[in-house]
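Per-chain residue numbering starts at 1, and chain names A, B, C, D, E and F are given in the order in which the chains are listed.
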Amino acid sequence: MQKEIIATAKKIRSLKIQGKSAVRKAVAEALKKSAEKSRAHSILEFRGEIEKAAQELISARPTEPEARTAVRIILKAFSMHSQSLDEVRHETIKAASDYEKNRSEAMKTIAEYGANLIPAHSVVFTHCHSHTVEEILKKAGHKIEYVIATETRPLFQGRITATGLSKAGIKVKMIVDSAASRFMNEADFFMTGADAILSTGAVINKIGTSQISLVAGKEDVPHYVATSSHCFEPMSYYGIPEEIEERPPNEVWNKKLKKLEIKNPAFDITNAHMIKGIITEKGVFSPEAFAMQMYNELGIAGRREEFSSLYKLWHKKEH
Amino acid sequence: MQKEIIATAKKIRSLKIQGKSAVRKAVAEALKKSAEKSRAHSILEFRGEIEKAAQELISARPTEPEARTAVRIILKAFSMHSQSLDEVRHETIKAASDYEKNRSEAMKTIAEYGANLIPAHSVVFTHCHSHTVEEILKKAGHKIEYVIATETRPLFQGRITATGLSKAGIKVKMIVDSAASRFMNEADFFMTGADAILSTGAVINKIGTSQISLVAGKEDVPHYVATSSHCFEPMSYYGIPEEIEERPPNEVWNKKLKKLEIKNPAFDITNAHMIKGIITEKGVFSPEAFAMQMYNELGIAGRREEFSSLYKLWHKKEH
Amino acid sequence: MQKEIIATAKKIRSLKIQGKSAVRKAVAEALKKSAEKSRAHSILEFRGEIEKAAQELISARPTEPEARTAVRIILKAFSMHSQSLDEVRHETIKAASDYEKNRSEAMKTIAEYGANLIPAHSVVFTHCHSHTVEEILKKAGHKIEYVIATETRPLFQGRITATGLSKAGIKVKMIVDSAASRFMNEADFFMTGADAILSTGAVINKIGTSQISLVAGKEDVPHYVATSSHCFEPMSYYGIPEEIEERPPNEVWNKKLKKLEIKNPAFDITNAHMIKGIITEKGVFSPEAFAMQMYNELGIAGRREEFSSLYKLWHKKEH
Amino acid sequence: MQKEIIATAKKIRSLKIQGKSAVRKAVAEALKKSAEKSRAHSILEFRGEIEKAAQELISARPTEPEARTAVRIILKAFSMHSQSLDEVRHETIKAASDYEKNRSEAMKTIAEYGANLIPAHSVVFTHCHSHTVEEILKKAGHKIEYVIATETRPLFQGRITATGLSKAGIKVKMIVDSAASRFMNEADFFMTGADAILSTGAVINKIGTSQISLVAGKEDVPHYVATSSHCFEPMSYYGIPEEIEERPPNEVWNKKLKKLEIKNPAFDITNAHMIKGIITEKGVFSPEAFAMQMYNELGIAGRREEFSSLYKLWHKKEH
Amino acid sequence: MQKEIIATAKKIRSLKIQGKSAVRKAVAEALKKSAEKSRAHSILEFRGEIEKAAQELISARPTEPEARTAVRIILKAFSMHSQSLDEVRHETIKAASDYEKNRSEAMKTIAEYGANLIPAHSVVFTHCHSHTVEEILKKAGHKIEYVIATETRPLFQGRITATGLSKAGIKVKMIVDSAASRFMNEADFFMTGADAILSTGAVINKIGTSQISLVAGKEDVPHYVATSSHCFEPMSYYGIPEEIEERPPNEVWNKKLKKLEIKNPAFDITNAHMIKGIITEKGVFSPEAFAMQMYNELGIAGRREEFSSLYKLWHKKEH
Amino acid sequence: MQKEIIATAKKIRSLKIQGKSAVRKAVAEALKKSAEKSRAHSILEFRGEIEKAAQELISARPTEPEARTAVRIILKAFSMHSQSLDEVRHETIKAASDYEKNRSEAMKTIAEYGANLIPAHSVVFTHCHSHTVEEILKKAGHKIEYVIATETRPLFQGRITATGLSKAGIKVKMIVDSAASRFMNEADFFMTGADAILSTGAVINKIGTSQISLVAGKEDVPHYVATSSHCFEPMSYYGIPEEIEERPPNEVWNKKLKKLEIKNPAFDITNAHMIKGIITEKGVFSPEAFAMQMYNELGIAGRREEFSSLYKLWHKKEH
């Protein structure tokens, strides 16, 4: 394997490259370079190289659906009935280049759709830091009275949200995660990002999202999820559950006690019925309708084999 | 005023003396000493001294109902139809001494009643650190599979809980506050202390309690509150709301940003209908029934004037 | 029977005297006069006269628990072991005079307790017109940002509320009854009066109260009920259901259609668990605790016969 | 011990005597006979005999609070400051005789209170067989359109209900337990008995009660519980949990399979907040208020030792 | 612009033409006439004329999605690759004529599908007046025991419903809007129309609909919405919120008070999860599935520009 | 009609052939034989024969949507533009043969998708006996700690489930139906089959399913429904309600009482919002999304006439 691939995978594994967007970009960039530098002599050999590279990159961080989406879209180049190795290589490089461009156009559209939803004098409650939600809030800035942001333990990503919004001139009220039920009644919207969306419309996001969504539901504050459709997880149609990353205990407390076990799951699952709408670059959908749209768009019904082989790319053994 | 009173009040104000139990003890002790050292020449003068001392001590930390209860019980000595200054002084000193003794006997009874409720192989979810809950859990130790403890931002009192239980040989699973909805379904009980109980049976406790109680309710895990009846707040019958202490923002984040405001309320209110039972030294009550018992026991109906004057002791002006 | 009694009963029946307070006053006044003018020659004869008068007055408007309370308290004079007819007559007149005085002192206390509950910058949602709620809102006037008042079909009593508050300098936002769910999230409190309170803590009030209470519950806005303890209905402990008055259809629509039936119930029942607190002259209670207090205060356990005979006073036949 | 005691205890253990009422009667009767036939020579000896007999009888069926209540009331005779053995014996026999008489008078009152609650044309849903509910339904017979009765697995006690009501001329619609959610919307009331009522107002009754209460709550059908106050369980104030009887698996299925375990709990617990009212001989209470009434009536606050010693009578070792 | 257009727009603005169906018909008719009378000399000129007319008509009543749908369908004629001005004119006139015909066929199908859903002996609760619901109820007339109709303040459209049904021989029970919670348990269905359906499946309808839907949900009465698919609002996919018309305060109360503000919103929004099914001419859908069907049918994914330009037709400036 | 058809129909009617799978197989087999033995001389005559046979078979058990699906798929052969009688016959026989093969392949896929969803150490709650659920549980056997199975009155199908699982080495805990609320909190999943799925995503299944689903919802245990897409009921799009079979009363109790009526509905309806996902051979869907997929796949929009004629095949008269 090429050194660049190994180096990139290493950086992802050690969290030198981290964050949904950064990982995605690095994967696409690495595959593009891999295709450019390939010395393969046949389409088959070339494909083998690229698949191996993809496997190395994805397995470096198994809970990033968007990285998998990037690989899926780039590997599509192989099914384009290209005749020669040069054509295939060209298609692969183009797919990798286009991916990031499409992604950032999607972001603009989501920001516009999301900002449209927010009327003047709104108070928005958010949890953790989502680049997509931040873009929406900035675009809707003049209509926003203030944003309530949780600090988001254990890694305090809420501080990134607060810093970004404050710089953009948007007033932020920061609270501890436990105070959500105390402040929710001030809000007109609860808006979060999503790390993955499943076939039932359920949303995987930072730990705490489902708890605050329950609070929002009790106060009748609608929960909107803003995310690119690239975060949709097609494997969930086949009953393959999304793994929830368990992170190191010392992020919570750097302490050893005889009887103490520290659990630090990174994400939780919010059921579809708790979510009012998913704001994507394709429009604003109910969670179920969005899942349906992806089902039809991805042609899930007839692509079981293809997705399964993709799935095997980054899983040594069945669950 | 005597130096000891001023010194104790100062320590309370600066949090050198902190925690419900420590504040209560310090107040009783200071009043006792104040009575012992008094050089008053008449009952009236003596009473004036003690009331002034009480006012100084209580206003040092206005949101501690139990400290007020201590004062109320000690001041009762004046209504005992004692004939001489010596008798009054004696009664006051005795009331102050007895108070702490009664309080620690109450704790033993609560621990027993609470431990009785817990069957073998139970998992108990708790929030923050409550001395009372810790006593119950230790007493029921052999019947407890493990305790789930939140870290409890911003001051991490959950770590005190974890350390105490671990030392007592009880297994603890610690999580961030946001992960309550992820782990609640493992629990058989949600058990917390209470800083105050109101006339409607509502419970004031550490911020986050009402949010986790909502989660417990969704999972049908009963929420028990363990507390001495000394935490009951009689003024709430007269419609006087309990103030919620707002603590310094730098406990949450030591950062100044142009548009950032940090809110740090110490407590929240959990409604009576969310609470299954209140474990007190008088028995295990539904919240409404407990409030009723206190109403009758304190003779609220006929003591409006007395409580009002007590109330004025530590409040300069009406709300 | 004396002419005054008959005249007063007639005015009540024809709604010339209407409203909980006016009816109550008229009943007490009439009984007082009846006692003053009585020419009875024995205690027995006197008692017969007064009971007959009471029966006439109460049956003129069977769904006014407070009128019944007035009678009950006045009739207590007979059980005071008075020796002579003069003494009995005196006690009766005094009970009737005192009643209204106690009642208006109660109102002042309720207004104070209720106003205490309302913090600065509050928005209060109310339904129909309640003299008690109006007094609370006026007393708390400077702390109230605005009041949301429903128009309250069919008789538009919300307009009385709006006029009264507006005159008192309190901002009012008036809406149709159907718009409650649209505006509830602006409110900090939902506050209503009560026509009667039952043994389970349930509240009988103007039609629409339970519907808006459901809306308030969904938005976590606490429902407080303000009422004198005189509205408590002791007969409900014996399982005797409170009748709901069915009023004339032409209040709703003055129209005859072949297949049209118009139903116009005056009241509905809001369950105890939907109510956060009942503000009375005795304090602020949870509904269940208030019912319990009345149970003990009225000595329900041992007075079954007495209340039953009272009940028979104004009911010809058992249900 | 006397042979009659041993024989009665044996019959209770082997279910030859079964059902709340039958067990209670047998216990009272046996204690009465035991007192009559006693050859004790001192009050102390007599008391020892009676307590031993009580212990034998109660431990034959540990989950019958009413049997324990019978014993508690009968043993009260010893605290009546009687001077001679004859007096004590007389008081004991009288207490045992009176008990059953009071009990059946209570039943009449409950039936009256319960029937009062039911308006004309009502449909009542019931579960299992409760003698008390049957009495209410018979008393209200002419006002009842029909009763929906579950068959009540595993022992089909619903058939007893159906037979009794049918004989009394009341229409019965019988369904399997699983069909409750299908038929609940036809009902105006869900009415059950209770095997025990706890300090929080929670109700222990036949397995299935809490499940159907949930269904009733969803359809807004009020759940009333009819029971004598003798079923109140005072020990629950001390945190002592009521044991739930686990009955033989062959009642469910007389089958042995390698991997099959059959669980057959006889009762479940319905939380206080799911119950609209408890119909007792003292009146119709909210569950919390009823628990409060019993707390005061039994003097729980000051009788901890007494109840504890009673508790030890029928429990060898602490939980 | 042609006089007819201006006259029609004026009538719509002044409510001389009102009601969803009447407005829609008038718009289609006016556009048809406008096309017939046009003296344009080029396709471009003709298109300009028609668009201007459309803009004038729609802006006369901005909250009528069906009028917008009519315009959208009629303007489609321009994209049919017609070669000559005559062909374009012909297509436009035909589209306008066909529109109303399709619309009334849709109504028949909806009535049939809706009536199919209603079993014999049903009680149906409805709010306001919906032509579509009235058609369903008439078609199902023999199976309907009675209809419960709210009067629907402030404009009493419930009286139109009552009159229409009564004439058709269907029994109607009319109540004030506030009495919904009192009568809902008699109903088997809650059935309303819809003014618009959004991308998340949420329904915009007469103020009060969401409140009564909450009541229906509590009583487990399914809420069906009957409406033509022409009421679907495609712009909501782009995050563009539907404006809620605020109507004149004097419809509620013709009174000026110093501190009184009267709010009179015409519509409210009922969330998708509260609605059991949407009865359309395409079948009976869950709200989410219906929104999805429209998404695919309208080709939302690829028509953003087209819809946006349409949107700009009747909005001067962005929200 | 051929004897085989009549014989098969008779066996279905008398429950000699019973169970969703057995009925479906018998119907397909009978139609296949009918086609093989036909002596028809024209396509028209042949079609008449087959339709008559289908009508006879389906009307033998009107509440088996899967049998109707089998017929629908087999009758499709007639619309395949076959030229000769031989071709049509061949297509019909092939369709009947293929049907069962496709069906059993679907089962394998469902079992795989369902088993994928279940993580290690899971406890699964199930109701009644579903062949599909049994397959999933067996496939996931090593990951299952134990299965909780209701006995499922009146016909005890839970015993079939228990026997099958026990034989497959999976631990089973069996309970009466009423004990679901007692044991649900032990479960990670509630998993049932489905007899039919409607256009709104609602599920028709064995009586008790909706009640236990309510219990599962309260405990936040996700309800998954496993079923082949062949159980989807397309007629529900046209508002035609699925009939609920009423079975003989003696299955519940073989007893006649004067006032006793026994109701024995075989199925109930669980609303879409209570179901987390539907596991089909096409993937794991939210109920609404699955209904949408079937709508598009079956081409419901344009096939109203065709489905209606099919519907008339087995229904003499409109509802």
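We adopt the following convention: contacts are C-beta pairs under 8 Å (C-beta built on N, C-alpha and C of every residue); 3 or more make two chains touch, one makes a residue touch a chain.
Predicted model only: the values in this text are computed from it and were never measured.
S.K.: Going by the touch criterion stated earlier, list every chain that contacts chain B and also contacts chain F.
M.R.: Intersection of chain B and chain F contact lists gives A, D.
S.K.: What's the overlap between the neighbours of chain B and those of chain C?
M.R.: For chain B paired with chain C, the chains in contact with each are A, D, in label order.
S.K.: Could the interface between the copies chain C and chain D be described as same, meaning over half of its residue numbers are common to both, or is it different?
M.R.: Both copies, chain C as well as chain D, present different residues to each other, with under half of the numbers appearing on both sides.
S.K.: When the C-alpha atoms of chain C and chain F are each averaged to a single point, how far apart are the two points in Å?
M.R.: 58
S.K.: I'd like to verify one number: the distance from the centre of chain A to the centre of chain E, where each centre is the average of its C-alpha atoms, in whole angstrom.
M.R.: 38
S.K.: Distance between chain E and chain F based on Cα centroids, please, to the nearest Å.
M.R.: Chain centroid spacing, chain E to chain F, equals 38 Å.
S.K.: Taking each chain's centre as the mean of its CA atoms, how far is chain C from chain E in angstrom?
M.R.: Each chain reduced to its C-alpha mean, chain C and chain E end up 44 Å apart.
S.K.: Chain A: which residues touch two or more other chains?
M.R.: 218, 273, 286-289, 292, 296
S.K.: What chain pairs are in touch here?
M.R.: A-B, A-C, A-E, A-F, B-C, B-D, B-F, C-D, C-E, D-E, D-F, E-F
S.K.: In the complex formed with chain C, which residues of chain A make contact?
M.R.: By the definition above, chain A touches chain C via 185, 218-220.
S.K.: Considering the complex alone, what residue numbers of chain A touch chain B?
M.R.: 150-154, 156, 159, 162-163, 165-166, 169-183, 207-208, 210-212, 214-215, 218, 252-253, 255, 257-265, 268
S.K.: Which residues of chain C touch chain B in their complex?
M.R.: Where chain C meets chain B, its residues are 112-117, 119, 222, 273, 276-277, 279, 282-289, 292-293, 296.
S.K.: If we count contacts the way the header does, which residues on chain B are in touch with chain C in the complex?
M.R.: Those in contact with chain C are residues 199-202, 236-241, 271-273, 286-289, 291-292, 295-296, 300-301, 319.
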